[in-house]
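The following pair of complexes shares a single chain, subunit A, combined with subunit B in the former and subunit C in the latter.
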Partner chain A sequence: MNFLRRLKPSSREGSLAIILLVAVGGTGLINPRFLTGDGTRDLLTSTSVVALLAIGIAPIVVMRHIDLSIASTVGLTAWLIADMSAKNPEFTWVQCFIVGPIIGMAVGVLNGLLVAGLRLPSLVVTLGTLYIVRGLVYVVSNSVDYNAQEMPPSLLDLGQKVFFGLLPFTFLLVIIAMLAVAFFMKYTKGGRDAYAIGSNPPAADLVGLKVFRRTFLAFVFSGFMAGLAGVFYLMRFAQVDSTAFYGQELAVVAAVVIGGVTIMGGSGTVVGAVIGALLVQTIQGGLAALGVDAFWKSAINGLLLIIAIYADRILAVRNEKQLLVQRIRERV
Partner chain B sequence: MSKFTTGFQVRKSWDTAILALLAAVIIMASLTTENFLTSLNISYIFSNTSEITIIAFAMLFMIILGEIDLSVASILALGSSMLGWSYAKGAPIWLAIIICLVVGTVCGFINGFLVTKLGLGSLAVTIGTLALYRGIANGILGENTVNEFPEFWTSFGFDTFGTSFMPKTLPLIIFFGLVFGFLLHRTPFGRRTLAIGQSPEAAKFAGINVVKHKMIVFTFTGFMSGVAGVIYTFRFSTAQADNGVGIELLVISAILLGGVSIFGGIGTMWGVIAGVLLAGSVESWLTLQEINAQWRTIVTGILLLISVAAPVLVAKSKERREFKALKS
Partner chain C sequence: MAKKGEPLLEMNKVAKRFGGAIALKGTDLKIRSGEIHALLGENGAGKSTMLKILAGVHVNDGGTIKLGGKDFITGSPQDSIAQGIAVIYQEPSLFLDLSLAENVFIGRQPKKGKIIDWKFAQTESARLFKELGVDLDPKRQARGLSIADQQVVEIAKALSMNANIILMDEPTAALSASEVERLMTVMKSLKAANKAVIFVSHRLDEVFAISDHITVMRDGATVSESEVGATNLQKVIKEMVGRELTELFPKTDHKIGEVVLEVNDLTNPAYFRNISFKVKKGEIVALAGLVGSGRSEVARAIFGVDKYESGSVKLNGKPLPAGSPIESMARKIALVPEDRRQQGLFMVAGVNRNISMESFAQLTDRGLINFKKEKSLTETWRDKLSIKFVNQTDPVDRLSGGNQQKTVLAKWLATNPDLLIIDEPTRGIDVATKAEVHRLVDQAAGEGKAILMISSELPEVLGMADRIIVMREGRQVAELSRAEATQEKVIAAATTGKRGA
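For the complex of A and B:
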């Protein structure tokens, strides 16, 4: 036990990374292809949409809020961009990367105004916008689908681009976004405020933090990332219909929570969220390699989420006890 | 004390507003369309909202407690899938129905166990079990559907009494409505529910067994979702894994429309019934106007936003008025 304790990494992200390595290694034992360059590339490509969304909502979850509308926003931006590029042949990847985030931010502004401005519970508000945005996709799409032929070739090429045979362009962007947000959350006033707001919202108000501005901007940022994820969706799947990415918000929440961002707010990091997304994807891949039917995918997601929440709870209780013991010792 | 004693009386402000809104929608709908107030259309409104109403009766307690259960639609689907699966495997229909109800109850119990005994947040847990239960239903049935059921039962799910406005499921719904209305407004159990919702800490110190109470509410929410699963299966005469996707949101929006506070502690049975009927009437109105089914998703979302924003806005303007009155 002592030996194990010495090996134990001090941070949540460290232990997650070890679990991830074990999961990758285990899957590699069953299916050696998983450990090759192709396997790694597949894993990173298929994780990039969820990972991007996880980076987007992690700050919101840290602030003890939630954004369930992201999956609908991905569907909306993906469909609208495909529609625009089908109608204007001169559309290139540059326009896609500009238009996508703008559409996403519009949804984010709506969420932000309702949650931060009116102080409504984010769960209900974003459930509402989940519906409204998905409904918009149904209405504007009118059952029209788009395939690879109608999309800008430059965008699809970018989606195929891989560095060193390992790192897809999309995941490179994920890493850049992750580092930027991680830096923001750790070293800037806005980031520290987010943790303060999440650990104790009324106290944050009393201390005079700019709760409205921080919450509002967090929702706009999550919308921005969801718009970007819509572009990524097109790059990965090269086809879109009105049900694109339907119901995937829960997979993102699962990834974030598994990555150690507590649903009760105030703790967790973006790096953890990305590792969580990778872990979920790896476990799915591992079970597929074991021959488990794809129909069980959602059940496994749910089970993973519950286990992660439970692990969080146990850690929190243990920390509390340790703090108490420490405090008593200091007194004595 | 007034909140506890008003019971079945109509609460002022929001409840009155919702009743007025319901009346307005019914009048507008019957003026703008020809068929709104026909007995056939009324029976459609009742039967289209039957599962939502059944689940809402139980979910009302859940939201008053300050908890939430997002897994109800998945429980419905799992129950329905088990019903179809066991019937297709040769079980008699009564046994299949009992299996559906038992599955629902067990799912609710598991939710309750995770929330109360392990101390996890109900929002996160039921997002997890939402995926879990639906996933199990998927794993059992895959893409198969079961749609051969005895005619007696499909008629129970689908037909009305003669040509009246009453679907055959309505007496069952009324029965459950009376039971849960009585439970909430006329029994110590209901009063405890409201007390816990107002302040769990205070309720605990007043000697209420909060853990046991929540456990019971989670379990009967699961049971009612199982009942809704039975009705859903026979109404569409299909058992499949994606039955009732998204119903949990309709249930929650109907309850919030009915003036139940999302923060817990406030809510009446009348309000919920009015909320469900309002949502059902608006839906039926849109259908009769031949407005695209796609628009209805948007309307549901907007209704949900209004139902949560309106009480807050009303309270805020009231506060401002009182503040002004104090100043002058």
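For the complex of A and C:
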């Protein structure tokens, strides 16, 4: 228990959690089913993929970088695993969980070398790999789609597995990953260096932090998580084509930013990122319950994002004002 | 560790050149354990270069440096840290998102096994802060900390690294009086712990209040090294000044006309108070004083970039509204800012775009830009100011510092202003171009423009100005005519607030 308390999110995550609870409660008022075990299970299942990706890119965003290639990587791993399973009937969930992350890490290594090694801007590099990887999916898939009957039954069973009637297996893995990364980010040198690098990149060089190694490994980790998310994608949808998860990278970035990870680096936590992903999903569910047309979905997402950024801005302005007042007081 | 008073660091005939410019031409510095050593000199005397060599940012080209009897290894900041040298820059470079404890231990976090021992980091930082006599919460974020407190964090970091020599580059420049007092207490406790503190300062009263030894530098060489008891303020000032004025363009005399700018009781309590002066047609008035004394802030308030709380500004006899640069420009004021890269130019835009930026009305035909006019405007100013570039469309980023400065000047002169405010007109440009910029400013005055010049370079102030207003800590402390001004008087006013030396 003591261990859990020490992982206690700072106030930012606390207030996000409260907003999440209010959103869940509000949705529950409109649609009581939302509060049942089934409702919770649906919410958690549908959030798993985005939440996993959010955990993957949160450290990168903390380091003042970004990884836009993740959604394409999800598409690539999902399609390749489905393809391998279709051709090798002996494939079980175990192979899927090994092959997926390996494919993802390959993309991560490429991103990491370009960004950390050549010091190219990550926004442009990963925009490039976004197109390259998606192009690769189009080429290798050759318009072949896969459905549930071609996938390992053990994998699909695992995707259906639920603990205590409300915690899906996939979200259990999300929670484990979240706690592990949260621990890493808070209690290890690698994690703290990530915050320092994002907070003040020139100073990070000056105090001799291992900027290359940290940045490179962050991208490899993000690729690993994207590969795993590809497996999750299959478990959830049980079908895949070349456009799988197309264009969803920005939804992940949005969840991370709503979760309080500053796009300018240096602050935010993975716990926040996961809450951000849940919040986006809950509000979508709430709007659906209210009978709001699904077409509004993306507009509402955008609004949420801007509100989150604006909240940061208000805090920053208040801070500056306090500083000025302090300065005047000292001068008198 | 060396015993108190024993030599710790000896620099002999240390030299450093940057391209053609000689920054140090044989500097000696001798530091003993347990002393506070002040390094004095005007801007450009070579103090910063000295500090940067010790910090591992630059490598000296000549001379020897011995640290504790051994050869000092120069080359990287990490090497310097490993040899027990810590540097506290004027603007501390903390990680603002991280906690104070983390900043103290950045890159060297204490660990229990693989895991960072936050408890230890926090208690140890708290102990260090307490030792320094400052009550800071090690768990709080560095963002929002005053410069003074940020320095304390840097000093705590230096102590935690077991540094023997602590270098401070103008540590008091941005501090208030009470903060300075606190810093002095800290410096004394460092001295008591047998550390050596080397500090650069322009505030001579502080220097005499706290240091044990004083080294004065001028033009890249050591002029004197003495115990504080063996010298005095007048002597030190005399040693600091006396830089050659030959690099300057001789000012010509102009007819001085009626008042163009009249500033009355201008006050913005965070930066300056009760500033009043006039600038006349054809006159060059200099605002002198140390960096951080509020000079640039006064200029920004006049131009309208910043607001002020009370007081008034009149231009050509009519009140100028506060807080509106657009109105100021319409009323023919031009402001050449101190930082040309950040504030003066659009670095990636072409020379032509930059020069014509504020002269839109002269270039348009029925609301559209006539590029022939832009071209001829650029040519006109290239010839007038002899700006060197290959193509008009070359991004100003590619020009030398001097040509960049001329480009900013051209941009504003093209608007034909009545009042030209120019902040640090020759910072970071070579000697020949400096003289040219001086000639251009003088010429502008000759054309009847009123000129308000802010400068930290004393020879420039004395060489160019008809009148000198000296500021110290946000207040106007002296006004000197060209005839009565001497380097000694200006330095004395700027550093001690007293008139005359």
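In this text, the second predicted complex is superposed on the first by the 308 of 332 C-alpha atoms of A that agree within 3 Å, B and C clash if a C-alpha of one lies under 4 Å from a C-alpha of the other, contacts with A are read in each partner's own complex, and residues count from 1 in each chain.
Quick note on the criterion: a residue touches a chain if its C-beta (ideal position, glycine included) is under 8 Å from a C-beta of that chain, and two chains touch if they have at least 3 such contacts.
Predicted model only: the values in this text are computed from it and were never measured.
A.B. asks: Looking at subunit A, which partner touches more of its residues: subunit C or subunit B?
C.D. replies: Looking at subunit A, the partner in contact with more of its residues is B.
A.B. asks: Looking at A:Val253 after the superposition, I want to know if it touches subunit B, subunit C, both of them or none. Which is it: first, second, both, neither?
C.D. replies: First partner only.
A.B. asks: Examine A:Leu209 and indicate which partner it touches, taking first as subunit B and second as subunit C; both and neither are also allowed.
C.D. replies: second
A.B. asks: Is A:Gly266 contacted by the first partner subunit B, the second partner subunit C, both or neither?
C.D. replies: second
A.B. asks: Which partner does A:Lys189 contact after superposing on A: first (subunit B), second (subunit C), both, neither?
C.D. replies: In the superposed model, A:Lys189 contacts subunit C only, not subunit B.
A.B. asks: Contacts for A:Ser199 in the overlay, against subunit B (first) and subunit C (second): which applies, first, second, both or neither?
C.D. replies: After superposing on A, A:Ser199 lies in contact with subunit C but is clear of subunit B.
A.B. asks: So, A:Leu323: does it touch subunit B (first), subunit C (second), both, or neither?
C.D. replies: second
A.B. asks: Touch check for A:Tyr131: first (subunit B), second (subunit C), both, or neither?
C.D. replies: A:Tyr131 contacts subunit B only, not subunit C.
A.B. asks: In the overlay, answer first, second, both or neither for which of subunit B and subunit C A:Ser298 touches.
C.D. replies: A:Ser298 sits against subunit B, while subunit C stays out of touch.
A.B. asks: Of all the subunit A residues, which ones make contact with subunit B and with subunit C?
C.D. replies: none
A.B. asks: Give the list of subunit A residues in touch with subunit B in this complex.
C.D. replies: 66, 114, 118-121, 123-125, 127-136, 138-139, 247, 250, 253-254, 257, 263-264, 293, 295-303, 305-306, 309-310, 313
A.B. asks: Note which residues of subunit A are touching subunit C in the complex, please.
C.D. replies: Checking each residue of subunit A against subunit C gives 187-189, 192-193, 195-196, 198-200, 202-204, 206-209, 265-267, 319, 322-324, 326-328, 330-332.
A.B. asks: Write out the stretch or stretches of subunit C touching subunit A in their complex.
C.D. replies: Going through subunit C, the ones touching subunit A are 77-78, 81, 93-98, 102, 106-107, 109, 111, 114-116, 118, 143-144, 146, 176, 178-179, 269-270, 474.
A.B. asks: If you look only at subunit B, which of its residues touch subunit A in the complex?
C.D. replies: 68, 114, 118-121, 123-125, 127-136, 138-139, 142-143, 241, 245, 249, 252-253, 256, 262-263, 292, 294-302, 304-305, 308-309, 312-313
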